[in-house]
Every structure is written in C-alpha cells, then in structure tokens.
C-alpha cells in the first residue's frame, strides 16, 4: 500500500459547531497540510495537468484559497482586499454563479501566476482569514464557522486530488519519478471472510449537527434484502488471477460500455500496472514497485471492478448495503459517525477507509427529499448527479476529516485515477 | 401528437404461456406489422443510418428475422437451412456470444442485401417458423413458446425503433419528408392536476407467468416517502414557457453534463423544434407541423427533462414512484398488468402510455436479486445497466405488446430521438 | 486490370468549338453514358456515401444535371422552369457564389429525392437542354457551346467518381459485391524499360482553341534537367516485393506525414488488398480477385507511391517531366493533344491513360500567369490549389474525353480511392 | 515590431569551413544565447507545451544539447560518458534512425528532469564538446567542424522556436504575461513601392563551401516570367482594411481549405489580434500592445496571406522569384550570400529578414537533383517535403546565422504561430 497519509486535523473538529479556537487550529493545520503535500514537488511538477480531469498542484493550492476568499472573505469581511482580482476568474473551478472561469482543460497552461506567487496568495488569505476569525462577532460566528468548516472539508478533498493528480502525471513520465522515495511497507491479507447482514428496513444518510456534505442527507429509510459483505478488499493477487483467467478478453464479464472502452483503448490491466521483464510492477507515489500480492487492488475503474466481481461470482454492494453493514444500525439515527479506518469492526469488517475507496453499484443520485442549498454553494454536489457511481469508505490518501460513515465519493465509471478498489458482496438467502 | 400506432397483436397475447394457435397468430400479426411499418418507405429510405445509435429500416427488418433464426430455428429446428450464412454476421446486433458482428456504425454501408432480398429473407424465416411451430412436440412447446414470445417482444421493440430512426433520418433532410402525409389531430390538455400517493413499503417489479423482460424482475420491496405525481404529461406550451424564460441560458437549472452538452452543441430547443418565420414548428412523422401547444413535449433528453422539472419547481419521479402510482397496489403482487394506455386511472392519472415515454430520475440498474439468464439471451438487458436512465409508460409509437406496468425503457441522458417526455413529481409532506 | 471503360464521346468532340450537331450528339452520348454507369446499381446502392470524400451515385447523377441547369439553362434560357427549386440547394457541390448548399458529409442522408425522381430530373433537364441547343441563336452559340463543353467534361469527371465511389462503398460491405460480375482479363507486363529525355527549356500546358480546363494553362516555359522515365507503370508484383521487404515498417522510406498515417491507421498494404487464406486478393469492381502480379499497382496514396519509389532507388516524376516525355515536344506549342491511351509512343512509353493515373511529385499549384475565370465557374479548380499533388495520364475508368496530354488530376497525398499508380523516374547524368 | 533579437554569432562564422578558434567561439556564443533567451522564463514557464506543434522551453534547451551529444560526442568522442542514458529517448525529436522517442504531444508532461537538471546537462555537454574540439586531430577536423556547424544552425532554429512557442503559450494565459516587459518601438512605413524583375533563365539555390542546409541545394536553373515584387511587407493597417472590407466573410477570396478552417474555427482576425474596448490590440512578446498600423502584419497563416493577396489584386511570389529578386543575380552562382536584413537593396527592396518570414506560393519540395544525406541526419529536412509551403527571408526573432539568401523555412498552410507575413508580387507584362 502507498503510505502517504495527509496530516489530519484532530478528530475534535468533527464535533458539532466549531469553537473559535478549534476552528483556528483546524484552519491552520489543514492549510499547513496542503503546503506539506506540495513540498516534495518542484515548480515544474506543480504546473502539470496530465488530463482534463486532473489539475496542477499549484492550481489546487490556489483554488482552495480562492474558496475562502470567495465564500468567506468577500461576502463577510468588509475590510478584505483581494490579492489579485484576476484570480476570481483564474481559480474558479465550476461555480457558474460566481461568473466566468478559466477553462478546466487549460489549467495546465497557466505558468503564471507561479508557485511563489500562489504561495504568497495563500499567506495573504491565511492572514486575512485568521484576523477575521479572531474579530468576528459572536452573533455571526455560527454562520462563519459553517463556511470555514466547509472550506476545510473542501481543502481536504483537494489534498486527496493533489496526490491522485500528481500520481497520474508522474505515471506518464518515462523516468517514473517518485513523489516519495521511501519504500512502502508490504500488505498483509488473510483468507476472504464474509459478514452477514439481515434484511429489513434501515436508515441511511447523515443527520444531526456535525458536519456532512449536503449530498449525505437527508437521512432516510431503505429496505434491504439479506446480503453478505466481504470482510476485506480484494487483493492484487486476486485481481491478477482474474487477468490470468482471460478477464480482459471475455465480453460476457463486462458491461457493454466497459467492453467498448477496453477494446477502444486496448486495455489489459489496471492503469498503473506494467510488465517489466515478465513481472508485474505497479507505479505508485513511491515510483515503480513490485506488485504487492497482498495489497488491495487499487486505481481501477467501475467497469473493472464490476467485471472482476462478476468473474468472482459475486457482485458489488449498493451504497446502502455498505453503509448499513458498517454502521450495524437498524433504524436508529447515526450522528456523524467517524469511521475508524484501520481497526476492524466488531463484525470483522476491515479496511473501511485506510486502503481504497470502494466502488458501489449505486448510481450517484439525490437522496429522497434532497435539494441543493441556494446560491453558488448549491453547485457543490447536486449538479453532478448523473452518470457517476458512488464510492464509499476512504483511501490511504484521504484526509481523516473527509472520512465519515456517510461520505459519498463519486466518479464516472471509466475513471481509473482515483484510489478505488473492490469490496465484494452477494445475496444471502 | 403523432398518430402512428403500430398494429398491435391483440391483448390475449399477453396472457400466460401462449397456446399454439395464439402463438401462430401473434407471430403472423407481429411480423406483418413490421412490414406495414416499412411499406411507406422506399428502398433508399430503408438504407439510411443517420447516426450510430440509429439503424436502417431494412436492418431492423433483417435483424428481427435473424433473432428468430438464431435463437429459435438454428438451435431447435434440425431441418432448418440458413437463408444466407453471411447474415449471421451481418445482422447480429450486439450478442458477443453469437460471434463477431458487423460494426454498428457501419450498418448504413450495407446497400446489399437490398430490400427485396431482405423481404425474401423474412419470408424464408416466416415459413420455417410457421412450419416449425406447427410441428413442434408438446414436450418442447413451453420452451419454444417462450422463445417466440421473446422474439415477438423484441420485434415490437424494433418496430418502435423503425419509427424513431426514420424520423431522425428524415429530420436531416432539408425537404422534410413525411413518413405519413396525413395531418395529425390536435392535442387537448387541461390544467395540471396532481395525484397524492402515501409513503410506505411497496412492491414493484414483475412476477408471475406472463411475459416480461428479465430486467423487470424480481419483484421486490421498496420504501417510498409520500409524493405527488402530475396527472398528465407536461405540454409543448409549458416547455415553450421554459424556453422563453431563458431555460437554455441558465446554468443553475441544468446538471453539469447537460449544461456542457447544450453549450457544446449550441442547443436552445428540443431536437425537432424549428423556427419558421418567427413561429415554432415541430418536425414529426407527418413532416413539419405547427407546434401544438396542448400536445405533450416529446423527444427531449433527460437533461432537458430534468432542467424543465427544476425550472417548474418540481422534480422527476423515481421509477418506483411511477410504478406504484400507476398500480395503486401496496405490497400485493401485481401479475403482468397491462396498462390501459389512454383511459384515465381511477385516480385521474392519464397518458400512461399513449403519448410519450416518461423520464424517471432512476438510473438503470439491476433490481435486487437480478441476474441475467445464461447464454447469449443474457446479453439482452443486463450489460446495459450503466449510465442510462429509466423511462416508464410508453409512447404513441410503442406497440401495445411492449406496454406493461413494469416495462423499463432506458436511454443515455443525452438521447433525444426517443419519444420521451416529462411527467412531473414532487415531495408531499 | 479492372475493365470498366465508360462509353466515350468520339474524339471529334475534342476539336475546336463544337458544331451544333456534334454538340447535341456529345450531350446525348455523355448523358446516356452516366445512366449506363448507374444501371447495375440498385436504389440502395445509389444512396450510399461511404466517406466524406465520396458521394452517392444518385447525387452524382443529380449534381451533373444541376450543373447544366445552373450554368446553362437558368442564365441563358428564359423559358426554362426549374424542376424543383430545392435542388438548387441540394445538389450544389461547392460553388459558394451560387449560394448555400447541403453539407458534403451529409449527402448520404438524402434518401429523397429518390432514384426515380432524379431520373425524372435528368429527363427534364435533358429535354430542356436539347430544345435550347436547337433554338439558340448563332450569335450566342460560341458562348453556349463553351458552357455545354464544360458541362460534359464535368459530367465525365463525375462518371469516373461514380466508379471510384461505388468501389469504395462496396469495399466496406463484408459480402464484397461486384459492380460488374465478369472476370477481368489478366495483365501482361515486360521488364521495366526506360526512356531518356534530354534537359532543356520546354513548354508545357495547354494552348489553343480546343477544350481544356482552366488549370491546364497558360502554356509556359520550364527548364528541365535530363531525366529518365519508366516505360510502363510499376506492377502489383513489384509492389508486393516492397511489402515483403518490410516497406510498411521502415520509417526511412516514408515522408513524415505518410509514416504518421500508416502508424495511426495500422496500414500494411494498399487499401483494396486483402489476405485470404494466406494469399493476396484485391477488391475490384469485379468483386474480389486474385492479385494480378502483372497488372499495375492501383489505388495507392501519394505516400505509398513515394515510399515505393524511394525503396526502388528511384523517384516520382514532376508533372512537367511527365508531360514533356509524353509530348516529346521541345518548345513548340502543342494544341490539345489527345493521348492515345493504349498504344506505345514512338519512344516506347506505354500505359499513358489506360491503367492508372500516375502520381507526380508536383504539388498542385497555379501555372505562371494563371488566374481563375470570374464568377462561380472560377471556383472549379483554383480554390483547390493547396495541399494536393498532381496526377497525370488517366485510368481505365477515365472517360476518354477527360484524357489530354495536359490534364491535371489532383488529390491529397493521403487519398487512396482514386485509380492511382506509379510511373518511376530518375535523374539522368 | 517585436524587439527580441537573439544574440547572433558574428558573421565570420558564415565563411567556409570553420577554423578551430572560430568554431569554439561560435559554439560558446550560440550556446550562451539559448540560455539568455531562457533567462526571463520561470521553471513553470519553461515547462509549458501549448499545442502539439510547440515544445517547452526546457525541452528545446535539452534537445539542442542532445543533438551535440548524439551526433558529435557519441560517435566521435570515445571518452564521452552520457549525462543520463534516458535522455537519448526523452529528447530525440523525430529521428527514427536514432530509435524510439518520447511522443511529441507529451513533451509538456515531463516536469522532470527539471530546469536545474537540464541546465546541468547543458554544462556537462558544453564542457565535453569544448574539450573534444580542443583535442580533435587535424585530420578529423573538417568532418567535426561540419557537425558542429550543423548543430549550431540547429540550435539557432530552436532559439527562434523558443520565442515562437512561449509567445503562443503566454497568449493562452488570461493575464497576458510579457516575455519582455519593455515597450517595442513603433514601426514606420511608406507607400508601397515595387521592384521590376525581367524574365529569363536564372539560377537559384545554394552552392559552395559555406554552410547551408541540405534542402537549399543543389543550385539549379529556373525559368521565370517577368514579375514585380513589393518593396516592403504588407502592414497591419493594410491587413485591417482587408478585415474591414469583409475579408473573413467572402469565400471567393479564400482557398477551399482555408475557408473551411476559418469557418470551423470561427476566425475573423490574425491569431494574436484582439478587441479591447472597441480597439485592436496585438498580443506580443511585450504583452498586449496597441495594434501598430505601420508594422508588418505578422503571425498569419498561408491561407490568410493568400486571401489577403487575392483581395489586394496581387499574389504571393514563388520562392524562386523571391530569391532572384533579392539576389539580382542571373545565372551566376551565388555563394552563401548573407542577407543584410535591415538595409535596403540597391533596388529598393527592404525588410528582407528583420521583420517577418514571407510566405511564398511554392510548396516545399526537393530541388532537382536533391537527395537527403545518409543516416539520421538525412531526416533533418527531406521527410517533411509534403503539404507545407516555403517562407523566405527571416524574422525579427531569427538568429542571424540562420539568415541566408537561400534559406527555406516551411510550415503547413494553417500554421499561425510562426512570425510570418506577406510580401506581395504580381505578373509584369
């Protein structure tokens, strides 16, 4: 497994409305964490955009700063002076309500502002936010704390993207650079165990005072038939067996779109797997490494996950199944449960959020009763509810603050650069 | 409304396992119906493929014949001699298990076999099927009847495609040909009424002996919150109001993918709407007609349906909501309910299946417990469960045999050439 | 060699300004010839457009008719009534000055007007032209004759395109239809001889009263160094040796663009060559035939011709070299020399115009002093003088009226569907 | 006019086979010049690749170094140790004979090796070349000098590309960075004068001991009709008049390919012209500047140059006309004439090479008797002789060492990022 855990803010941040001190500390720690993630990267590295879906490191550093400037300082801090008015355009990601923006596919063309200037931008905004948080009135505090919390969650999402994106960019370089030159520890894995979950009417989704993204609620009832969930993720060794059994040449195993894709792109293995002298190696944030048979298979598309599950005689879980299994709650509300990522649950489920996100068979859609919040913030999640699948859990590169029982990550079925793996499921008579 | 109702086999065909006589009559009627649909079309018309998603008329005529040849005659009728062995390759649509096939996008390149030859192919297979049905043993009958029934349902689906596809092809011709030169009758519409449905645990999906496609089952429980469903479809007049209110220039109304699509293709109205001398006209199977304000808006994409619903302050229903509202069943099984397409239900719901298919917000996915049948027939539905949305009901061009309470039609969200419209829904406190 | 020679008007047509009787006879013969070429093709065949560069047969039949309607009848015959005003738009090829036109790539979408209607259109225009030619005044005659002559030359060019285009369309059909079911006669070839031409100041290009396209003049002087020209075209056997010597895998033999093309499209033989049971066959207008080793290699791109020449240790001739060699004139003007296509010249040069057009290394450009005629007719040739190469001679499918010593055919270097071959050249000390 | 003249080696370098001291000085000066050109650019800037045709600055710096390593040191200096073996692959541009190479379109993905490492690579090779030049034997010297000279000419070509490419990359940045923040001096222009050249048999092309690229020879005879050449380049004011006269909306002015291009890309002005508050500005290496009416129009495609010439009632010159006019030689050989770029010729011709390259109507092709040299160096020029047009003269950003009377620059007709302008010509009775 790759071994790059972003420094996480302490778990207290997850509790209720943030106190001012906690808020300031979380702000400082989260902002520092982004800078530490960028530290091993040269100005040249930070400029790369390897595909439209990915962004340059320095763009992430600037955009997360733009978020605080646009949603916190500009509307709430009358004394704030913009660092550079052009940044409003340059570093907007997709908020139509905020105005025109630089085309996503052209982010890699912005050599200027350079890394030094973006670091200065971050300092400018950090100082302004800090000053503002210290001086905001008590009356305004809850609203302000809520924006800061969203901004920090947002920044943590981009911390994960920084690592996903640089891994993809480096993978295109024939000299296979290492983001982190250390050698990762080997994985361990046991025989595949199963956890049985009875059918019934359950509640899923977020509810309560603690932070969650809008798309995690409302909490609502779902009926589930009895099912079983694999206790651990599927491994590289298991996925290699799928390949060796002709997995990439049997159309009966694949969704029609997935088969078209592997034919068109001539795919025969996960995106980061390579043959070197007859052996599989895997490109990682630690450069190329021998394929670790015990580590979870990672960076696979929904199509690959689904075909592998079909080959295994199993299926992918729905997101409700995943959440119910990990919560072991029935119809009781579950307030902001923090997943403990590495420890096993009482039932024996492991690898909730410390290895790979886990593809579910659920298309990303609104929960019953969901409606996006008004204004630009309403564009955060709702407008993407189409042609994507939900992933649950978290990955080794996911900041802990983004890991909740109810977190819904989502990607198109062809996406292969997320840290995405497979937890198998099956019906249970 | 367009006024092209394919001659439907009589409703008795929908009952249980087909008796031999019924089966023969249904076979003859359904096969004749396809020929009648092709009758107004010249050999040149029947050769057109206007886009990859569409197929030439004569290809539909041949492929539906290939289906009986491949799945009925070749495996079960030892005396059968193929009309032309090359057709096995030419007229396979997407069945990987049957072998290689002619590329979908190149169907329009097959000027030969010509229309006359394909008609002869149909006669050859029709005679062989008839002979075979008359002589098959009683012991084999249930299995045979089931294949014939699937073949007839399949052919009825292609009857609808013949009309969808030729409408699209003709729409690209500057002289705007009419498939049918008669003038369609005007629509009528009333104020938009609503039907309230209480929340609760319902059963949806097909169960029982009557025919349904594999994807319509298993019948299973779903929990629904209370909701309301519009009694009729949304009209051209209502959609025009959406356009006039700037619907195509307000990104807040659109899914992100939908907005990207209308920007990239510079869309500002449904695919078949055109301005002529400052007035809207609609291209139909009866050539261009003045836009009928009372007719349901038709041939719109999921993106358009969803944006229109958002502009209306409503939403699209889920497929479970749609089915429950039309069945008004609670948890009792519902055996092969034939939708009565034009009559209102007791609750006041109209236009179930006589106007347009109705987009739902449900991504096309397997029902709990679903698994595709073994062999090539298993490719019929299951492998398409990705990146598509379900439509419910039926359209004016849908053969009655394809219309069931549980029928799940599906298209990608960008598809605009289906006869697809909108029935609004909303939450109900 | 393919054996489809369009019926040619008699050679007298090539002499000076046409007499009225000659003109009428040539008109009738040329128009009939187009109909005869279409006769073996079904309505379905005539509707196919296999690529943007090709057009449906029935479009050619209509467009050549449109040419007489637009450039002869409408401006000069006050009594003429258009067959259908929509055709002005539908059948304009590329004449911007005539107005908007149907997009080239969408010609295959016009199932209507159908073949019958286009035949009626031809009869309508044929009758109008005949009537007009019989009644036009003597004073107007020279101008009229000149337009008719251009129209007939134009129609002959499209006769060749009808054959090129249907060959390409049929080649995409897995059942490999034959345009003409007869078996072509085998080629014969001898050892490759050479004809030496001394250097000096020559005149090339058309001059005089007989017909030529504008791009064939003005006649002008060019200086040539001594060179040698192959007495015959290169054969399939010679080209096969190039393939067997690794010709398609040696980048040193190819122009950079050509190498990129064969890599991108994974080419390893001419477009119509195919392996069947380990033997080469060639798709022809007579369906698939065993590769004839003695026939000239045909339907190859400029890139292929150039690479083959380089592999042979030779080069392609310039168009001036080709013309000088075949005229054996020095600086004397040459008035409308009709190439005798099959007979050898006194020097021993053969296959001038009876097998394949011959790629030259000359980019298609204006001759010194050339300027296009005013009006729409000026678009005939001049605006294509960019990114194309000149071919000289003529092919087995070229109407004799289009064959002149000075004819300049031209195609982009990647074009493979013309009947194009290679005559080698080399410097001569 | 932009005002960025690369430091040129002194003109003595252009004379005959280089003496050892001259060679060493030229090597040092040319290599320093590249570094000076890169000096204003940050590591981020140097990493950008704005389109497939362009390359990152640091790639140019590495590739020109690779050239000396590959063609001088590796074959001739036994003591040489490669800086990094991977660079053989990474920095090969297009030499198939040298082996596989990094795909051109992916040069912008190479953040590593970084700028510092590439600078170290340059120092490594500079030291090795210097040492080798000092110690090479007299016997080997002529061959060695010839490779060095080619390497320096090659590096100067890339110096111009560095400026072309960074201008294009910066033009895509909304903040419009300046490569050089100084304000350029205004242009001056006079009425358009003409120089008459008599017809006759001329010699063109390079001959003799001084350096020229292989494509500049052999010197050979051409026959020219009398013509006139504009004494200066066409100006921005003149080009603006073309635009204001509807130049971009009149298909009769354009080559067919050019018209298709401006329609497809919706072009209405040169690539670097922009409207700001109703006025034209031009993006330059000095950022955006008011459009200078007296400066030559620059950065236009062949299509634009040709359409402008047609609108002017003139034409573009052939390359032979251009060379003859500037040499005023008749049939006497001309040995390595250095163009004096700014001074007028005796005839009054100005702006030979100090403003913009000048499009000619000559397709880039081999001169009579040309054959590329053997080995990898043979790929330098010959394989590009297809679908490109020749430009003559030189631009304000062209190193003086690359400017000769016989230099043949070439680009595809759609290229707009070269410093390319128009000198008009016309026939002369």
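To keep things simple, chains are lettered A, B, C and D as they appear, and every chain counts its residues starting from 1.
Please note the rule applied: contacts are C-beta pairs under 8 Å (C-beta built on N, C-alpha and C of every residue); 3 or more make two chains touch, one makes a residue touch a chain.
In this text, all values refer to a predicted model and were calculated from it rather than measured experimentally.
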For chain C and chain D, which third chains touch each of them? none
So, comparing C-alpha centroids, which chain is the farthest one from chain B? D
At what distance in angstrom does the C-alpha mean of chain D lie from that of chain B? 60
Counting only Cα atoms for the centres, state how far chain B is from chain C in Å. 48
Could you list which residues of chain A touch at least two other chains? none
A full list of chain pairs that touch reads A-B, A-D, B-C, C-D
Per the touch rule, the chain D residues reaching chain C in their complex are 94, 96-97, 201, 220-225, 251-252, 254-259, 302-303, 361-363, 365-366, 368-369, 378-379, 383-387, 412-413, 427
Quick one: in the complex, what on chain B touches chain C? 42-48, 50, 58, 86, 89-90, 102, 106, 108-115, 169-170, 172-175, 177
